[in-house]
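Input: one structure, supplied below.
Each chain carries a letter (A, B, C, D and E) given by its place in the written order, and its residues are counted from 1.
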Amino acid sequence: MKALRNLFAPALLGVAILVIWEAACRAIPIPQVLLPAPSVIGARIATEIPLLAYDFLKTVIQAVIPGWIIGCAAGLVVALLCDRFDFLKRGLLPLGNFFSVLPLVGVAPIMVMWFGTGVAPNIAVVVIMTFFPMLVNALAGLQASSHLERDLMRSYNASWMQALTSLRLPAAMPFIFNALKINSTLAMIGAIVAEFFGTRIAGMGFRMQTGFGSMSLDLVWAEIAVAAVVGSLFYALLVLAERAVTFWHPSYRV
Amino acid sequence: MKTERGQAIPVLVICLILVVVWYLACIPMNAVVAEAKIAAAGGGFAATLTESWNHARPVIPAPHQIAADLWATVFTIAPWAKKSLLYHCWVTLSSTLVGFILGTLLGIGLAILIVHSKLLSKALMPWIIASQTIPILAIAPMIIVVLGAMGFTGLLPKALISTYLCFFPVTIGMVKGLMSPDVIHRDLMHTYNASAAETLWKLRLPASVPYLFTSLKIAIAIALTGAIVGELPTGAVAGIGARLLIGSYNGLTMMIWSALVAGSVMAASLVWLVGYAERKTLARMGVRA
Amino acid sequence: MAAAVIEARDLSLTFQTADSPVYALSKVNLTVNDGDFVSFIGPSGCGKTTLLRVIADLEQATSGSITVNGLSPHDARLARSYGYVFQAPGLFPWRTVEKNVGLPLEIMGIGDAAERVKRNLDLVNLGGFEKKFPWQLSGGMQQRVSIARALAFDPRLLLMDEPFGALDEIVRDKLNQQLLELWERTAKTVVFVTHSIPEAVFLSTKIVVMSPRPGRIIDVIETNLPRDRTLDFREAPEFLKLAHRVREGLKAGHSYED
Amino acid sequence: EAVTIQLKWVTQAQFAGYFVAQAKGFYKEAGLDVTIKPGGPDVNPQQVLAGGGADVVVDWMPSALATREKGQPVVNIAQPFKKSGMMLTCRAETGIKAPTDFKDKTLGVWFFGNEYPFMAWMSRLGYKTDGSAGGVKVIKQGFNVDPLIQKQADCVSTMTYNEYWQVIDAGIAADQLVTFKYEDQGVATLEDGLYVMEDKLKDAAFVETMAKFVKASMKGWDYARANNDESAQIVVDADASGAAAIDHQKRMMGEISKLTEGSDGTLDTAAADRTVETLLSSGGEAPVITKKPEGAWSTAVMDKAKGM
Amino acid sequence: MAAAVIEARDLSLTFQTADSPVYALSKVNLTVNDGDFVSFIGPSGCGKTTLLRVIADLEQATSGSITVNGLSPHDARLARSYGYVFQAPGLFPWRTVEKNVGLPLEIMGIGDAAERVKRNLDLVNLGGFEKKFPWQLSGGMQQRVSIARALAFDPRLLLMDEPFGALDEIVRDKLNQQLLELWERTAKTVVFVTHSIPEAVFLSTKIVVMSPRPGRIIDVIETNLPRDRTLDFREAPEFLKLAHRVREGLKAGHSYED
């Protein structure tokens, strides 16, 4: 019941947007090749479900999820290494910043060169995109515990690992979840854009690109709609997980 | 401050390790493209090294090749000439900065709205998230065309793409940050019957500073990505993105790599700048070292 | 008879927690008149803080009614009727001591802030620490800063939750006297939580003894002592009699649980 | 009069005619103020045309026909390119000698609307392109020839005037390569033509302007053909990215000249019909066009231009 | 004579702050023997917490020397020689009460955790609150959880910074007695910060009176009272005499600053 009420407001806004969009497309005939009306897109989605499902498999299951997991894990691990070894923090971290924006456009073709024509380069692009937000957030999060709490762990002569698992990781969770959430959308964008530059001839990005080429803008928007729904669900799952893990954070005790 | 002073040596050591690994990696990675030349040069160890480290179209160029190209495009050409890498860096940087500033303002503004209105947060948040799952490269051409038709060309469309990409991390981070003040502090403001604006200004914003800067670091990196992506549908006439694209299109490996290096250096500098601002701000706020 | 500043009728508050509900307040009846100095005393966890928070509109009662200055707690809060000293100092870490004390003045737009800040910091004997940040202070000093902060805007009603808990006897005695003087001079109404029986007896016109599980009032003692007391008064027989009565009440409350 | 032209791709000798006409003042002589917008992989000229960002665009016919079928009436007004420059380039060592050898080979293809002639060709040859055994394995080729150089593909798509030479530059000698020109395989489609919105042609003034534009552009093309080296330099100068290399542009200019040779801008309707036929036979899950287009080319502008 | 557990010689500690240096400890000399119960008493801000933190290796002395169990504080900390009750509860908000108490046991890999947690929670009278989260407890309850946490792993040396500050007299008396019993039974060494003179006299074998600005020791009082005291003992004349001496010492320390 509560979930339903929570859905009501965004749904209302969504319906409003769609209605305005549809009306605009009818009133001032916006060229179909620029922006198709929602009704047209809806019709296309209805007829292309198998194709959309196939592209979903190719992009989300094969590239987004593995890439997101590897990228987030890598960011976290490097953050932990930097935290553990001061030498790395001083030496590696400034260099880590260099990888913050390896521009997709340049990296994607290189990834194809390095990782071949399969799904690997797409995963690699997602990894590169998601790595930095996690690194930065995890580092900030690891600093988030209070002095008193850290002194307590010191008084127990807790090892670095123990302090990490009992105190610093839990305290870092709000930051880590921020990264996971940001990365969930970045991973979608990354995987799709990687397909623009990749060699595979299936997937949401590929379909969008060829859709452009053949001026099937309705197909492009159908894929966009799928991306939006999938991305939002992905995000919603993370919000639920966040609430379960960081229930103690003041932001949940209004 | 302490870390900065002690940074030079670790950075150098790590760089050195990277360079060595890089050179070593060149050998197997360039084997495919270089094998013919290696054979032509008579094979053997020396030939393998020289050919895989000096191939004109390598899978991965050796560091000195990139350095040479950087030298040629940065230092031997006037910075305003269009063959100069500096010129292209500036083109990208300018739209990055505009996009970053707009994105930060938008991100903070949205976060403030979301924190203050349950209804808005419920109605807006899903759409903000959905907006981020739309691959920007897919709609960028449309945005550019529409903006172009409305008379906006040049810097602004590219900056808007940056904005679109970079406001999101700021919003997410700031929503958390603005909600992070301790219960006792919120109660205190409550007892003063402080207005929402005062609570925001005196409590929520200061408490959100660690979240803000973390978000800004990510946002500025993403803004740069956005600016580069935005250059593609605008005819890729100038900027790092144009260099990457045209380098890639014409098979100019070194041009791609030096553009990549330039982009990374810019990104690292920008992130460093944000980090510097963070340290200064935190010091002014009396945060314990 | 003076007008009732706080009037609680059958006030109950139950916290719902994951495992079992906590009955923090149960059928509390209480009248605080204008100019009263009321102390709450009772074992840890008996609902003193909770009652104070209900008065301050920081917690909503589950049942019963309460008025503050004749208004609902909500309206009273909107009218900025009271100053609250929390049980923990709750200073803003990014503000110096003087900025922390000046916070309510900024928010309420009160002038002569600098002068007020100085006066109240001197009152709690923290002159010279204006520019320090909270983490550079000892626990007791932080507590004193929070007292200065609540006094700074001169509220008619003071709600103080164990303000002197972290202070040594000498400072405590001094602050007790200063608080008493302030109260006499300005005719404020004070609601005060303490664990010290002598402190409660020395300061109060009315002592409310509470008991836990469920949190409730088991005794209300009107002291009827002269307003101008000195510290020596603590040796007087009436004083000792009252203290004894409070102690007995407390014990009775305790016996209930062990 | 102001005219904006949107190119299909980045600044290079492929569009030399327009840059030359601009640089040599042919447009100005005709009383035109022309803005040339370079394109790129993300620019769809038809979209720019629909969005009002350009008056006239350079595009390939398949893309234009697709747009037309989607309800955006664009019309070919002139066709400076007579021949197609598209071909498939294979490494000789793969053993490919004829189209019959493609079986189970990996072929790089450009998508973004450029895949249809290829698909038509394959379906004519009887190869499946869905990756099943006995067919061909298709990979999407980026806008360069890396897959061939790195041996990720056995053949890649190239243009006679551009990518082919990148392969050569990469150190693979011409005799190690086997090429198949689409022109020769009978699956060529018309490339760089000029397109405008159909309804605008009702406006005589617009037709007049376009006629001037086409005439001046063709003058540019003639000049470019006659002065390859100078034109290449003009293109390099026009490139804001600083990436265009003079040697490469000179060579491209030479090849482009072969494709524009003999064109005065008039569309060869037989070639156009062949394009349509090729596209209709391409099949696939998202056919570029499903029916024969009506009125997709107009002689109005050319007629006027010839009369000037 | 028993071995010295803590031995400080000319210990000084100065905090550098943005405006002026704070002399938190100045030439402190102190010996704590095995089995001693030592109380630090002194005005707020006199360096009690700082001294405790130096012993615990949470703060480095600027000059002077100190040993703990004959080791440097650092090595003593590595040997997990002490349990520390901080002035603030410092509970982890994501852990329930029982998990908070079990934390040191987890970290030190001590078995029979469940039993120890239960025993110590009962000791501080918090049975039934095992599953609550810290923010669901009153201030005094949080403080008691942190006491239980420090006792849980049964350290030989206990450092306690105002552990009973937020507790009412009755609970406090009870815990005083229990602490005393524990101390007698297990022959622990306890270093204890308090603001209550009766508490200090009642519990200690040695009372250290401190004074601020600069923080220093002005008196060390060996009580030489019998080990098995009961609460009534607080009426005894020796008790009152000692209390008087402590009070005078405290006043002397104070007079220095006002």
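Throughout what follows, contacts are C-beta pairs under 8 Å (C-beta built on N, C-alpha and C of every residue); 3 or more make two chains touch, one makes a residue touch a chain.
Keep in mind that this is a model prediction, so the values were computed, not measured.
Undergrad: Which chains contact both chain B and chain E?
TA: Under the touch definition, chain B and chain E have A, C as mutual neighbours.
Undergrad: Steps needed, at minimum, to get from chain B to chain D via touching chains?
TA: Contact-graph shortest path, chain B to chain D, evaluates to 1.
Undergrad: Which two chains does the highest number of contacting C-beta pairs join?
TA: Top-ranked chain pair by contact count is A-B.
Undergrad: Report the chain whose mean Cα position is at the greatest distance from that of chain C.
TA: D
Undergrad: Rounded to the nearest whole Å, what is the centre-to-centre distance of chain A and chain E, using the mean of the C-alpha atoms as each centre?
TA: Computed value for the inter-centroid distance: 50 Å.
Undergrad: Where the centres are mean C-alpha positions, what is the separation of chain A from chain C, in Å?
TA: Comparing mean C-alpha positions, chain C is 50 Å from chain A.
Undergrad: Chain C to chain E: how many Å between their CA centres?
TA: Centre-to-centre distance between chain C and chain E: 27 Å.
Undergrad: Can you tell me which residues of chain D touch two or more of the remaining chains?
TA: 41, 44, 47, 50-51, 142, 144, 146, 150
Undergrad: Please output the residue numbers of chain C that touch at least 2 other chains, ranges allowed.
TA: If we look for residues of chain C contacting two or more partner chains, we find 88, 135.
Undergrad: Counting only residues that touch at least two other chains, what does the list for chain B look like?
TA: 59, 137, 141-142, 145-146, 182-183, 232, 245, 248, 288, in rising order.
Undergrad: Who touches whom among the chains?
TA: A-B, A-D, A-E, B-C, B-D, C-E
Undergrad: Show which residues of chain A lie in contact with chain E when the two form their complex.
TA: 146, 148-149, 151-158, 162, 166-167, 170, 246-249, 253
Undergrad: Tell me, which parts of chain A touch chain B in their complex?
TA: 6, 9-10, 12-14, 17, 34-35, 87-92, 94-95, 97-107, 109-110, 113-114, 132-133, 136-137, 140, 143-144, 147, 174-175, 178, 181-182, 185-186, 188-189, 192-193, 196, 204-205, 208-209, 212, 220, 223-224, 227-232, 235, 249-251, 253-254
Undergrad: Please give the residue numbers of chain D that touch chain B in the complex, ascending.
TA: Checking each residue of chain D against chain B gives 10-11, 37-44, 47-48, 50-53, 142-146, 149-151, 166, 169-171, 239-245, 248.
Undergrad: List the residues on chain D that touch chain A in their complex, please.
TA: Within the complex, chain D touches chain A at residues 41, 44, 46-47, 50-51, 63, 66-67, 69-72, 106, 108, 111-115, 138-142, 144, 146-147, 150, 152-153, 285-286, 288.
Undergrad: Which residues of chain B touch chain D in their complex?
TA: Against chain D, the touching part of chain B is residues 32-33, 36-37, 56-57, 59, 81-84, 87-88, 137, 140-142, 145-146, 148-149, 232-233, 235-238, 242-243, 245-252, 255.
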